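Both complexes below contain subunit A, partnered by subunit B and then by subunit C.
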Partner chain A sequence: MNKIIGKNSLLKSNFLQLLFKKITPAKANSRVFTGLVVVLAITMMAITAPLITWYPPLKTLVGEPFTTPNNYYLFGTDDLGRDIYTNVVYGIRTSLIVGLSSVLIAVIIGTLIGVLAGYYRGLLEDFLMRITDMTLILPQFLLALIIVAIFGQNFQNIIIAIGIVSWPGIARMIRAEFLSIRERPFIEAAKAIGLSDIKIIFSEILPNAMPSVIPYVILQINAAILIEAGLGFLGIADPNVPSLGLMLNTAQQYLMNAWWMAVFPGLMLSIIVIGLNLLGDGLVEYLNPRLRKR
Partner chain B sequence: MSPLISFIIKKLVQYIPMMFAVIIITFILVNMAPGDPTFILVGEVGDEEFVRAARARLGLDKPLHERFLIYVSNVLKGDLGYSYLRSEPVAKLIIDRIPATLLLVLTAMFFSALVGIIIGTIAAAKRGVLDISLSTFSLVGISIPYFWLGQIILVIFAVKLGLFPLGGMVTVGRNYQGIDHILDVIYHLVLPVMTLAIFNLAYTTKITRGSVLEALTQDYIVTARSKGLPESKVIFKHALRNALIPVVTYTGFNTGVLLIGAILTETIFAWPGMGSLLYDSIRLRDYPVILGVFIYGSIIIIIANLIVDILYGLLDPRIRVR
Partner chain C sequence: MESHFSLKVINLKKYFPVSRGFFAGPQKYVKAVDNISFVVEKGGTLGIVGESGSGKTTLARLVLRLIEPTSGSVYFDNKNIFELNKHELRRLRPQMQMIFQDPMASLNPRKKVKQILAQVLKLHTSLSSEEIHERILSLLEKVGLSPPELFLERYPHELSGGQRQRVCISRAIALNPRLLIADEPVSALDVSVRGQIIKLLLDIYNESRGDMTYIVISHDIALIKSMCKNTLVMYLGRMVELGETDRIIESPLHPYTKVLISAIPIPDPESARERKRIPITGEPPSLIDPPPGCHFHPRCPYVMDKCRTETPSYFQVDDRLVSCFLYE
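Moving on, here comes the complex of A and B:
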């Protein structure tokens, strides 16, 4: 029996295969491709930050305050004489770390709730979905803001707060996928051969739900990065961590004379968001043939 | 009971618990906070006597469940505490600021919906070159964060070109009255609305285009064309009309996003609304006001969603039956 089923899912497809099978044969989707290139380039910058910058991040007076961009200070310096280029590069790092780790938290909570609701159904489903819908209407940004304001403005709290407000969409998505997949014949087959619920959920349904969920998760990372930047812009940030949003907050006071303090951090933030949007939206379109025709 | 009234009651039953949820969440967060919740409910400053009086009023020495009831009844009465820093009740501070924020949100919503629907429909009708520039515009428009866009718009149009004021809602020191006052406000409104509308405009255009394209594939369009109707009539009268429902729904349900956008935009243009209040309160650590903005902001969003939900039912009878 084990030999027939193998170690993989009955429906022989892990989600990566499924994802790539859907992507590669079709004409190279320029949006997904461009998005991927942008995201990879940005990730490389974040990883190699110490190699491509010359000053320590957040160090004050590495140059004269308010130096206009030149060969030594590519993006100029800020009010405290910090090198903006260095802080922008490290800021990308912060954005990506916040995006990935808070969405990881959201995925864990969202999957748990989505699975319980979509697989077991009944009263539990009603209850969980009611809570999910409620949370979905609450302004995520303001909720994250008061959580950080109350529990203290440090990096860890910011990540946790964003994670806590980001799960409802993922939970709904997972539940919807579970509702449709659990009715398919191969699940019936899995039940017939006596697989346990846990096994069915994690090795049969979840891998098949992934292709639809992944683009959404990418867009959620995007949203998380924007929440972090928005909080920073309002001054809710960890002062010991370089943050693009916080840089824009400082820049606000000097907009009249030091435009470069606002231009470069914001430009980089926009590039990150554009890259992730291209990738996420492109994937959504790819996986939904109805949209592809347009 | 008519189906419409029972529909409205059903919606109310669905939404009112959400408002309680907001209050309950706030209470839980405040009481989970490390240390004494007093300083969050009262603010970090204040002399001893003031703090003692506030503690007694909020029942902070009573057990948790009694405190909860006191808190809920206070919030329901509209009592959100007192801002020691500004010597004013929090509720009054916020309510005074709501009209300015709503003016910003509604103006941006109106313009972006109007222009977005027109551009989106034209784009669906004339596909080709327009498509590429439009999809680039909507990608960029959706991606650029409000707060950066606002700063750039401010630097270009106010600092460099000097076309518009740097911020505020009225020209300081000129006590304009009547029509002059209105024109002055509009003059100050242009840049913040521009900032706020671009995201929505990009999104509305995208949705309208998709929705009209979809409508154009329907049978009744073939019928309309074969009747010999001019193409403009087919598109604007037959396709657009049926394509509008998702657009209207999006515009309505997007109020929340716009409100948050307004909060961020106000900070840049010193627009005297809830956002500027929130920004100042964060700097001053005026916690009662921060919590108040959360509660009021959430309730405004919930009410907006409720209104859209009900309107949606009025517009489309099919929804009511479900």
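Moving on, here comes the complex of A and C:
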């Protein structure tokens, strides 16, 4: 009996260690770990936003305009008397929603085009890849700017615009993976069994392409968040949605006398970006043994 | 109408275009399989030998229509498989299976043994999941992976080379195929497990009692001798000799076959010393620009003027076919 209890407690104490052995290689990949912690913390903040803030977001005059940070207004208030802490927390929410949903759009378009080009080859591939190249040479940021300017500054349009400018990279990546995996013998074996194209694509090739695609997608989320913030900083944002970029835009007018208006949103944006970057970069290395440091 | 024919291959050709520069002149081709015909009767065994690059694997892939031919036809039970549409072909698939050269590469690295086998069974049978589970267990037992429960949850990288090939074999025989093509079934394996795998393949063949037709591809004549009644010798995409394995080994007709047979190592040094080895000169020519006439003429000890310009057709000697002007 004692022996069993001893074994159990040993298992428990080693549980975290074991968990990370599963996530990271023998030499702990500290970048993946740090990135994961930061991203999880930020996600938790975004999810629990209503619980950890005590003013409604975007509501003006919850305090005196330009209040310096204090116990009631942790990050101070802005020119309209909005609580910056509240808006920063809700701003994270916006950033993550924009990042995830625009990349979801990009992944859907990119996968469709990449799969068609990489699996079926031929003229279709040439056609789709030239379209991809044409989209790729346009500067992402400017293209997004133009799309929002044309279709109107609302939240949905911003997400769609960022989605539209982010798919070419994913399409190229998926195509490249398909080109290499489709020539591997187990695909021929799958054909010999009589699997349909759809099944070969989704149950044989795609799962094997995931290790290279996932880190790239995480980095794309990062890029999408930066584009959103960039657009906000230029004043292209939905004024009805709290946005870190938009806050920075307002803050620059008062930089000399209200530093807190710029510092806290900027800091939070940096933390999000660094966290996602660490996670994505670390994963690239972790999932690709050739890049792994000895 | 000739219903006893299991597999009939007629004038099969596969030319791969070679991509060249824009101004590089006429399009050239690698003639991987050049005008090959043969018949394997139901329950028969055919070995295909030849050096690397002689088109053995391409031939196998054509016979299963894993790639489309340049021309020619393959009759499987009097049906030309190149005339079937996608749907019909998919229904025929379970009857013709292949064991691939590299067992590691031919198993999806992200699937467990259980999933690999269940996939085949789900696709072509309407068994319930319990029945599928039972079948998987009995299949694994049959290919010598016992106790089978131990292997269900394993990924291919968690198996040894021999075990992987056994999984591949179990996948190929899962649906009781009537034609089984083994493409270099043991060349990727350790010498120590080769014998076991060959024995397993022979056992499966014997158990089928003449229902299963085997095609074994190898560069190893000893392996072909132990498994196949008939042998087809290939050189640079062409068939040079076709006949009974024992006869070919005893008295090879084509100069290339003679050279090939004389290169088999004999384990007894005494008799090895007595044997006259036929030296082969030169090296295999480029596949893109094969020599004109008989492809073998630059290396052939019996070369005649005719060989340099004309391509020999097939001449019948006893019950064998030889592609050489010596037997005209």
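Points to keep in mind about this one:
FYI, the second predicted complex is superposed on the first by the 268 of 294 C-alpha atoms of A that agree within 3 Å, B and C clash if a C-alpha of one lies under 4 Å from a C-alpha of the other, contacts with A are read in each partner's own complex, and residues count from 1 in each chain.
One rule holds in what follows: contacts are C-beta pairs under 8 Å (C-beta built on N, C-alpha and C of every residue); 3 or more make two chains touch, one makes a residue touch a chain.
All values derive from a computational prediction rather than experimental measurement.
Look at subunit A after the overlay: subunit B and subunit C fit there side by side. Looking at the shared chain after the overlay, A:Ala149 reaches subunit B, while subunit C stays out of its contact range. Shared-chain residue A:Gly122: touches no atom of subunit B or subunit C.
Within the superposed three-chain model, A:Gly230 lies in touch with subunit B and out of touch with subunit C [touch as defined at top].
For subunit A, the partner that touches more of its residues is B, with subunit B and subunit C as the two candidates. With both structures placed on the common chain, the touch criterion links A:Pro185 to subunit C but leaves subunit B unconnected. Contact with subunit C, but none with subunit B, is seen for A:Glu204 once the two complexes are overlaid on the shared chain.
When the shared chain is aligned, subunit C comes close enough to touch A:Gly194, but subunit B does not. Superposition on the common chain places the nearest Cα atoms of subunit B and subunit C 10 Å from each other. Contact residues of subunit C toward subunit A in the complex are 61, 64, 66, 89-91, 93-94, 96-98, 100-102, 105-110, 119-120, 123-124, 168, 171. Interface residues of subunit A, counted against subunit C in their complex, comprise 184-186, 188-196, 203-204, 207-208.
Residue ranges on subunit B touching subunit A, taken from their complex, read 17-18, 21-22, 25-26, 29-30, 32-34, 40, 139-140, 142-145, 147-148, 151-152, 154-155, 159, 166, 210, 213, 256, 259-260, 263-264, 267-268, 278-279, 282-283, 287, 290-291, 293-294, 297-298, 301-302, 305. Looking at the complex, you find that subunit A touches subunit B at residues 134, 137-139, 141-143, 145-147, 149-152, 226, 229-230, 233-236, 245, 248, 251-252, 255-256, 259, 262-263, 265-267, 269-270, 273-274, 277-278, 291, 294.
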